[in-house]
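Working notes, structure below.
As written, the chain order gives the labels A, B, C, D, E, F and G, with residue 1 at the start of each chain.
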Amino acid sequence: MGVALGKLPGIVERFPGGAMAITRLDAAINLARSNSLWPLMFGTKCCAIEMLMATGASHHDLARFGAEVARASVRQADLMVIAGAIVKKMAPRMRLLYEQMAEPRYVIATGSCAISGGPFMYNSYTVVRGADEVVPVDVYVPGCPPRPEAFFWGLLTLQRMIREGETIREPGIRRKPVMAALPEDVSLHEIRAEIRAALANENVIDVTQAANQKPWARKVREWIQRASLR
Amino acid sequence: MTEMLARFAPGLQEWLVLCAVLYAIGLYGLLTRRNAIALLMAAEIMLNAAALNFVVLNRFTSPQLVDGHVMALFVVVLAAAEIVVGMAIVVALYRIRNTVDISHMNYMKG
Amino acid sequence: MIHAIKVAQEERLFAGKSVSVAVITRGRPPGYLRVAFSAVTGLLRGLWLTLGYLWSPEAIVTRQYPENRATLQLTERFRGNLRFKFPNEKAQEDHAAFIEQLAHETQTHAHVAADLVREENETRWYHNCTGCGKCQEACPNASIKVFTRQGEILEDREVDRFVWRLDSCMFCNACVQACPWDAIEMTGGFENAVYDRRLLVYNLNRLAGPRINYIEEEENPDVRKRMVERRDRYGGEVPLNGFALPNLPPVTTPMESGSRAIDADAQARLT
Amino acid sequence: MIADAVYTVMFYGFSAAVVILALAAVNMRQLLRAALALMGMLALSAALYIMLRAEFLAGVQILVYVGGIVVLIVFAIMLTRSSELLEDLPRTSTRWYGGVASILFMLVACGALCMTPFPVQSNAEPAGDEIRKIGLALLEQGSSGYLLPFELISLLLLVAVIGGTVIARKTRPRNQPFTTGGDLHGEAIVQAARGQGDVTPGDRHS
Amino acid sequence: MDPESLLALVETEHPSIRRRSHADRPAVSVPSGELLAVMTTLRDHADLRFDLLLTLTAVDFPGEDRFELLYRLYSTVHGLWLIVSSDVPRSRPVAPSVSSLWPIAEWQEREAYDLMGVLYDNHPDLRRVFLEDDWVGYPLRKDYQDEYMLELPK
Amino acid sequence: MQFVHTMAAAAATNTTWTPQTLADRAVDSVPHSLWLTAGYFLLAVVGVAALLSFLGMALIYIERKIAAHFQCRLGPTRVGPFGLLQTLADTLKLVFKEDFVPPKADRSLHMLAPFLALLVPVVLLALIPYSPNVQVADLNIGILFITAIGGFGVMGILIAGWSSNNKWSMIGAMRAGAQIISYELSATLALLVVVLFSGTMSLTGIVLSQQEGWWIWRGHAAGFVAFLIYLVASTADLNRTPFDIPEGESELTAGFHTEYSGLRFAFFFLAEFINMFTVSALTATLFLGGWMPFHVGDWTGFNAAMDTIPPGIWFLAKTTAVIFVIMWFRWTFPRLRVDQLMHLEWKVLLPLGFANLFVAAVVVLTELYPFPLGK
Amino acid sequence: MTVHVRTLDELLHAPLEADSDLTTQEYLVNMGPQHPIAHGSLRVVVRLDGETVKEVIPVPGYVHRGVEKMCEHLNYRQVIPYTDRLDYLSAIMNNWAVAKTVETAAGIETNDRIEVIRTIMAELQRLQSHALWWGVTGMDLGAYTAFLYGFREREIIGEIFEETIGARLTMNYIQPGGLMYDIKPDFAAKVKKLLPYLKDCVEQYETLLSGNVIFQERLRNVGIVDGARAVALGCTGPVVRASGVPLDLRATEPYGAYGKVQFNVVVGTVGDCWDRYYVRLEEMRESIRIIEQLIDGIPDGPYSTIRYNVELTLPEGIHYGQVETARGAFGVLIVSDGKREIPYRLHFRSPNFNNLWVVTAMAPGWRIADFISIQSSLDLVIPDIDR
């Protein structure tokens, strides 16, 4: 954690109103973090042109999001943008780069190759089938290659995750909403357990079943019913 | 408090003692160190003490004149010249001998 | 040194042919003063060019994506999301109106509302697909899997599930070109970012059943209803092909803070 | 009164710092840290100069010592990158001998300095125009001037610079090519290369 | 020079070669022992001057127990094309290196070694080019087995 | 030429400036109350700190916006109105980002270096005359001190590169050291011209000496050439394009601060921008009259109108102009190569600087313009 | 007889030559696979003496995906989208190479309209590719603004592609026997409107970088390779043309509509980085000229001569076709067994793989900064090297 942090949250929380202050601080820090994602351009292939160059170019301008400060040094980057196929030879290096990034660090996998191996999923003897086999990925942006706008949508999705799912009490732990669009009264708290369990031990997930069994899914159904009755 | 401090305001002797201490520290470094660069650094301390001495004496004995300042200036310039040549010799020796330990530099042929 | 660059055209014999070439040559280096002058003017001209762009706001070409979502128009042929064509236009229009109203009342985006509405008119999902599997054959990397079934009413092969894997699709348009029935199309959709890649597998057909014209030949509405069956979002197994790489620590989410230990090891191994 | 008190505090504070840093400079095991201590010591000496109303000299001190000499030392340490250069730890016996000798010297010097009756003009303030005076003194020819030493010292500097360059210059290894971006150079390489098989700029010198 | 006279010229220089059918350009087949000599002639003969080695690759025929080495030459002087093919046994895939004639062959041969396992004799720096040094097997061989690789589902 | 002459032969204005620095006030207040002295001291510290943080953020924002508009794009827009809070977000993020020290690095030196790098611009901020009455301290060896203190910045960079234990950092640091030391010579020569003209090394003294015309034109060609030399040399001192060799991305990844993250990296970032401000402010002070308003000959009405604009605004406007030029260079030019850089310094700028100093001496000796030679 | 096989470790840790001078301090640095100059994922191990490059060891393979192996399982239509992903900046030209090979081998006729549209598209893509290269070169040499100007032009041309083809990068446009889509009615008008703008842009490039003394000094007489050596090292495209060899398949073996248009093959004289830079800049002008000649008279006709679902089986034998992409000769070598509709063996002759190795001859003796110039003047696309 940062120079100023470390044991700070624990100390502050002991004082009356400390928890509240931490929550406020969380909100401010998350806002700052989500708007200052300095990318590490991990481009290997065609997606690099679209994701790392076209997004930064004048027509799309990544700078609007405050993310144009592309750091060549890993230490200063917050966001690793994986664009392109990861082969076995590259995978350990990608892992190393990820390890070298300073917390908090985020990963976006863009394009089919980085998500699942994509075009090279079958009959290829080197391509890693998904960057998430090597590093934990926060947001997936599909496309082959995705449009720059699609990347921005992914960036917005990540920003949302950072704003809603982080606290300095437990640095380094991300909470991901399961769906890109959540109904209003479903809290992330309810989803947290579900997604953790899913990511930890399952390789195959039945999305519909999962959605129907969860307690928050009931709320979704109720909400829809209310909407359609009106 | 302030009166006591004011009474202890440093005179010439205090300044000169400071210079002597600095010079002695430089001497100590010069005597104990084996590394050529460290030796040069110790010599710098001694030269600095000497320059300080000049300025101190100028300040206390003839503040209207600047001869001490000029001499200190010369000392500084001499120090610079010394370090330039010294460092050049050190680097050249290192290239040839791969060492800068002066105890190994006891013969004339490179 | 600033040289004069000359481009001279000439004919040259090459590989047994006469080729017309443009030769780039440089003159002799000019004198010192000329060099200094042209160097300075060259720098100034560059500065002038950039200053011109700074001064003219109309030169800014940026399209502000999240702000311009409402007006963003992709080209007609853009190869975005794959989807089924649903030729029942009347039902489509009715539904669009309903979604609009729903979105307005619940104050959400239209696509959110559309995603969540389940009870609806099935006729709008009648499709062109026969389940012939040409698209699956044409797909270079098996991003399409068509499950067929034996129809109860028509007793013929019909589509059960049309599974499309967005996470591996290479958007080459082969499936659309290969389709003899004009059943699928590529649309302009691209906002697909998710937190979990398992959500990138889609079931494109909403109804398991025969092609629209077979249904419409049937007069009896009850039989029509029995010919088709609702299909939701994809709920079956997703082939993720996940294998851990050898020599790599297993991926754990969330990352534990002890991951620094790997750093030194990995560095030692790689450098 | 207050001014005197402040003066006292500053003197003892700076003196202590200077002495500690000087001790660190001669005792630190890592040479780079020793150089940093030396830098601090020299910079604080500049503060002592200011206390002595020698502002110009303080500036020169920082300019030459910190900006020049210490940077040169640091460069030399970094250039000759070897473990021996990084660390230097004197033997204990040497330390004892050196320590005793320097303390003896210090005692003798202090005694001598304290006993010598200097003609102190303690209440006389400097005119405050040192820079002009130094300039004039340096350019004056008469008995109170320093023109000759000034010229000599500039000559010395020149000699030092040239000598340093000559001594430290790396003798070019046989195969090291000559690589300035000179203009006709390139064409020469092409012509040289047309005759031979291999095109590296180094071929000209082999 | 038309293809027929080109082939005739090459045949007169080296009688051991055979013409090769099933090719879109003039093609000859050379025993691997004479490959270097033939190639030297092809590069240096005043009427041929094949100075550009466009491709160098190998084809695996496990059924016939051979690798076919394919060299595709182009002459920037005369505008000529020639395919040179040479068979080496699969059990002992050693071929002479032509990197002394065309420097680019050094890397093209490394690629062929890396992916197909053809060993080139007298090669200055024969090592893998794309894969890691500890990779087991030669992936472009028809019988290459890899438990990581997935079959395309049909 | 006549125009220049008119401008140079400026009429004496009615305004007389009596600058007073914070240090002057503090010294004056010593006999009265030590609390007041402490107050002034605190004011200086707080003022410099506030200026530091404000300038850092503002300059980074301006740089990003200007770069964007040079490049036909918009720059930050999404945080706050017009993206004004963008650098605030960056700062907050950097403060709370992990501060990582490489395992094999020299830990204490690694942590010390950013502070050393930031020290120089902070000290320089205290010496700049922002306005007749807004200045922390005015040394009578001002210019000498400024030149001298530059050495500290090099030390910060060298130590950063050394302690990171990374090849790229080391190369970057060595390059930076060599470059800064070389170009300081030219910068000093250019400064000497101004010292020669104004006869003082005090910054306020130099500003006051430009009451009858700025040195950029009042010093004949020598003043102008000195201005150009100083601009180029100080751009090189700042390690900015076209002289950004120490951190040239395509060669050295990020140069000497490759291994820095979080707050310590922010310090380097901040130091770069504060350095840019101080260099621009010094350029404005030395060559463009500092806070002195623009006067033309005997146009008394015009001069009076100019005097109504507060001197602080004049200072800010001139500084901003120089900052803009430095940014403009960066977003137009490619990077030099190391030997070209040294070639430019030792074979072009340095001889030019010496010749220029000679010309300036001739100008002063022959008294081509009637101006007071020091006090 | 034994053949000695080495490893990279052996090479890097090999002892220095016995007679080398003790005083030199050589050290190895890794550039890449994730380094700003890597342009993706090329690793280059550089042996340095101070700032001087002593030896360059390129280590490719960090995006080696085994496309050739994959193609042995794909039919000829399915191969085409994979060529997009090799040299993605010349996607259309790569498509064309496969289509051309298959058409020649299977005897599929095309009409004039198809050929003219293919030519126009290929030249537009060449412009796009060179614009990107220009910007990236500027960025490598520190002029970041140049990068954005280059990319601006690329986006503007890309809009035309997006409208006609529906993709921005991976086109899959040219197919055996025709095209994927016909052009739109307003295509010609739009391209015509674009051409003067592009000409203006090339002039701006001249002003911003070519006329800049720093830029010239960085490139001129750096990394010289003469024509004979470039050919022997297998270079094609602008790299070999800059050394004075007019090897351009568009002129020496005209395909498409190139036989009908007037254009010059741009060649340099010295063969240094500057020549490689300027050859590409002139080629942009020539491309504009080619499009100008073709855009007015696009003939009528169908946009594809065969139906999509027709089985394509090539006769037994070796088939080879090549086109001139923005980086040189891209060739497709197909060995067909004549029985199945998939290739028995498919090999891509990639221009970048063959152009890459010339750095080992060019870079030694120059500084690191010159190495940057040299590498960006080669205009490498790494996935095409690795395949």
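The working rule: a residue touches a chain if its C-beta (ideal position, glycine included) is under 8 Å from a C-beta of that chain, and two chains touch if they have at least 3 such contacts.
Because the structure is predicted, anything quoted here is derived from the model rather than measured.
A.B. asks: Which chains does chain A share as contact partners with chain E?
C.D. replies: Chains in contact with chain A as well as chain E: C, G.
A.B. asks: Centre-to-centre on C-alpha atoms, which chain is most distant from chain A?
C.D. replies: Most remote chain from chain A, centroid-wise, comes out as B.
A.B. asks: Looking at A-C and C-G, which pair shares more C-beta contacts?
C.D. replies: Between the chain pairs A-C and C-G, A-C carries more contacts.
A.B. asks: Mind checking the centre-to-centre distance between chain D and chain F? Centres are C-alpha means, answer in whole Å.
C.D. replies: 26
A.B. asks: Averaging over Cα atoms per chain, report the distance between chain B and chain C in Å.
C.D. replies: 72
A.B. asks: Could you grab the centroid distance between chain D and chain E? Build each centroid from C-alpha atoms only and quote it in angstrom.
C.D. replies: About 66 Å separates the centre of chain D from that of chain E.
A.B. asks: Quick one: report the Å distance separating chain A from chain B, using the average Cα coordinate of each chain.
C.D. replies: Distance between chain centres: 59 Å.
A.B. asks: Which residues belonging to chain F are in contact with no fewer than two other chains?
C.D. replies: In chain F, the residues touching two or more other chains are 70-74, 77, 249, 253, 331-333, 337, 339-340.
A.B. asks: Residues of chain B that touch two or more other chains: which are they?
C.D. replies: Residue numbers touching two or more other chains: 95, 98.
A.B. asks: I need the residues of chain G touching at least two other chains; which ones are they?
C.D. replies: 23, 35-36, 61, 64, 66, 69, 73, 81-82, 84, 145, 148, 152, 155, 170, 208-209, 212, 214, 217, 220, 229, 245, 247, 252, 270, 361, 367, 370
A.B. asks: Tell me, which parts of chain A touch chain F in their complex?
C.D. replies: Residue positions touching the partner: 1-5, 28-29, 31-33, 35-36, 57-58, 61, 63-66, 68-69, 71-73, 75-76, 78, 102-104, 168.
A.B. asks: Can you list the chain G residues touching chain A in their complex?
C.D. replies: Contact set of chain G toward chain A: 33-36, 40-41, 61-67, 69-70, 72-73, 81-82, 84-85, 88-89, 132, 147-148, 151-152, 154-155, 168-170, 382-383.
A.B. asks: Which of the residues in chain A come into contact with chain E in the complex?
C.D. replies: Against chain E, chain A makes touches at 88-89, 121-126.
A.B. asks: In the complex formed with chain E, which residues of chain G make contact?
C.D. replies: 1, 3-11, 60-61, 64, 66, 68-69, 73, 104-105, 228-229, 231-234, 245, 247, 252, 315-320, 322, 329, 331, 333, 335, 344-345, 347, 349, 353-354, 356-357, 361, 386
A.B. asks: With touch defined as at the start, can you tell me which chain F residues reach chain D in the complex?
C.D. replies: 30-31, 34, 106, 109, 139-141, 144-145, 147-152, 154-155, 158-159, 162, 170, 173-174, 177, 181, 184, 201, 337, 339-340
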